[in-house]
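After this come two complexes, each holding subunit A, first together with subunit B and then together with subunit C.
Right, the complex of A and B next:
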């Protein structure tokens, strides 16, 4: 077992989609999750949605963390749709950064499980990602058992 | 160096000092160690034993005199106050035009333009997701768009800063507009204030993604072109802001920024340019954090270091080359989403630090900048903050008002010493270009960011509303987030598409071919061809994608 309760450890993709390049937040959160024992796949900014979907598939990602500081969160619902279309609807999505209050509901409805604004405690982020990854892993394991039978 | 040598004779000093120290120790109990953001230990009291004015002329001197520690001009703000330059960028060119006129009415004395993030990515508006257009900057893709954005703005009489990374298409559009309006390029003033490509590779990554060597060449062509044809324009702004925002300490920021300036200056020399001809048009752009005295010391030390290195290392002979001209922006990193109105107080303190440091130009953040693009009302408060500090607080009465403070002078000396050590480290790595290419700078900045975050989380570094005084966090009644109207933006995109279709394809091809040839011929100035392309209606995206093909695509050099 690892620090976060999963074996093999939770696999988290920390990335930025859209147009913004500021990455101080995503680098810090990536380091937190890594230090908590998770396997972090980190990309430079400006990933296209298809590129993120491909990474999720190839890297067997449990949770996708999108950092958005400059309105790129507006296309997160599009990412959620693309994941579902690729049969990856069970993969967890969290968003971190600046999301105005009145724009949160649209993200949550689209399947984002949590939005971490500035000042979110490190432990809250880690606990949420760990629980979310465990849930995703259950789905994956059930699918695997089905295939194995 | 700046170390003290002479001890003043102060009869009775030691006894009185010892008496104070004993009493201080008795009352304070277990004193804690305080370090500023740069890691310099801060004592409870500074006296003439820390700094006594020794080597006054050598280290401080007078305003407008080498090494300019006290300011780069003899009159400083008592003569001409700083330029109030608010960064603006939003929506369509028409939206921008409306906002810029409001700001000019409110008292701003210069303008700036931030392009939409799509422009930063090198894309035209017809290539990106509609909801992302115009949310953080203006969608300017052609000379026509620039013409709309600057409608009614007296181009020849007002300084314009363009947030315009290499290959500087926004300035090309401005020059095209000037030509249309019959305004000579010699009367155009302002700054390419995102010309520091190294800072983009290291930190904020908001650049048009030309390769590192490609960006290096285009910057040199841009400098040569501007010096020849747009002499009032500052083609180089070396940006410390990106690094400090990404987590560099104030000492690291100043050191790396000066190392970057040394790199660009050396590149100019290697190309055979006259160093005095180019350095007088070098400018700097910094973050001003809320660490008040540390910021003042940062700028005073930076001014002194630059003067000495420009003269001694680069061999510049003209005092205009030694002067460290800088624009300051109050740091958004210190602003909080929690209790956002508190940001007005933070911005005022940051701005005071910048003003007391003798800056040449200032942007004050709007209090809602931690949440969204400022509204008209919050932008007005930001400008008013500057007006209050200038008109009511009497900050401009005395030049370098903190000069001579035992504390500030000691801190200036200490920070200068640490900056010089870091500049030496970059020299050892072969200069800033190589140090960035190797990831050396990114690793240090990343470490500092993490260390600061850990201090905030442990509560060692207090942030009101974030790790203390949270009880006052009442729900902030934010007005509904304003986003560009999708329909209007769609019209903007549609008319852009129509514009492209209506152009003579032969003319477009000819301009792009010329640009391509210039890119592949080392002796030719590529920037002159970019300006020509802008004049005949070539778009931003077309120019950038061609140059990426010819000069290489730029990936940010990220180190986690």
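Right, the complex of A and C next:
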């Protein structure tokens, strides 16, 4: 068993879609998750949705973390749709940053499992990502066993 | 496949039957020498020639928590949308030697999936991470100037596995000196005299075509001994897996004989090598 409770470690993509280039938050979260024993694929800001989908597929990530400080979260539902279309609907999605209260329900509706606002405790983020990754891993393992049959 | 175990074994068996088409090119060298940036530029050359490319880029896992930031692909963003370029970041997961325990399975899957060229990037290496020589048909060792004595440090291990030596960051001062140092070092080595030394600037594509040509030239000569080297590699992998198996069984074995061997070894009555030989017979299936 590894430090993050999964073996092999949880694989998490930390990225930013949209136009905002402030990446301090995503860097900090990437470091939290790494220190918690996870394998983190970190990208600079300004990723396109097709690029994120391709990356999720190639890297077999369990959870995608999107950092949004301006309005980038508004395109997260599009990302969720694109992932589903690519057969990656089982991958977990979390959002961190600044999301106005009245816009949260739409994100959760779209399949985002949690939204972490400013000042979210480090341990809360880690615990949520670890639990989400474990759930996703169960789905993948079941699929894998089926293929191996 | 990265995890290993029985299911991975089963899939790997099926995969192996379809391997052998791809050329495997290893890129190794000191941290920050420019391996990933160079690979990005080299992929562009390969794509220009219409070849399908896969990259397995290994970065180190933390020896403490096991976590990792996998950052090599950040340098290969220009291929972020190319469906004929598949990039997989691989964490070393405690494996020493510059690669990961899983790398053989990863490369075989990429091969079976029909890629023409598979590029393996090692973690930033010091002197003795030479495992890449075993998996790659061609090894490119990437150096950079201004690493001063590091160039010398490399002479022991990594230099010996180089099929091609690259001095990247040739735009920086001291690049020519680094090239000269490498050339002098090669002169002292038998069998290594005709290793090419190429200067590149990965950030602006200088020298990348020449690198591609040099790699292709070597590949043409290698085709013949590929199968043999694959079997040699498999043999070593079997030995490695067997020793892991023996280790696990022995660790969990409740056997008075093993306790006695441990006691004898502790008191110096028998040597550890002799005890190991006797212990092996205890775990025979």
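In the analysis below, the second predicted complex is superposed on the first by the 149 of 149 C-alpha atoms of A that agree within 3 Å, B and C clash if a C-alpha of one lies under 4 Å from a C-alpha of the other, contacts with A are read in each partner's own complex, and residues count from 1 in each chain.
One rule holds for everything that comes next: contacts are C-beta pairs under 8 Å (C-beta built on N, C-alpha and C of every residue); 3 or more make two chains touch, one makes a residue touch a chain.
Just so it is clear, the structure is predicted and the values come from calculations on it, not from any experiment.
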Superposed partners subunit B and subunit C on subunit A - clash or fit: fit
Which of subunit B and subunit C A:19 touches, first, second, both or neither: first
First, second, both or neither for A:58, with subunit B first and subunit C second: second
Which of subunit B and subunit C A:100 touches, first, second, both or neither: first
Angle at subunit A between subunit B and subunit C, C-alpha centres, nearest 10 degrees: 100
Subunit B versus subunit C as contact partner of A:45, first or second or both or neither: first
Which of subunit B and subunit C A:30 touches, first, second, both or neither: both
Touched partner set for A:147, first subunit B, second subunit C, both or neither: second
Smallest separation in angstrom, by C-alpha atoms, between subunit B and subunit C in the superposition: 8
Subunit B and subunit C contact sites that coincide on subunit A, given as residue numbers: 30-31, 42, 44
Residue ranges of subunit B touching subunit A (in the complex, touch as defined): 116-118, 120-121, 128-129, 131-132, 135-136, 200, 204-207, 245-247, 336-338, 370-372, 446, 449-450, 453, 457, 463, 465-467, 478, 480-481, 483, 555-556, 558, 560
Interface residues, subunit A side, partner subunit B - complex: 18-24, 27-28, 30-31, 42, 44-46, 70-72, 74-75, 78, 98, 100-103, 117-119, 121-122
Complex contacts: residues of subunit C adjacent to subunit A: 2-3, 6-7, 10-11, 61-62, 65-71, 73-74, 77, 80-81, 83, 86-89, 91, 93
Touching residues on subunit A, where the partner in the complex is subunit C: 2-4, 7-9, 30-31, 33-44, 47-48, 50-51, 54-55, 58-60, 144-145, 147-148
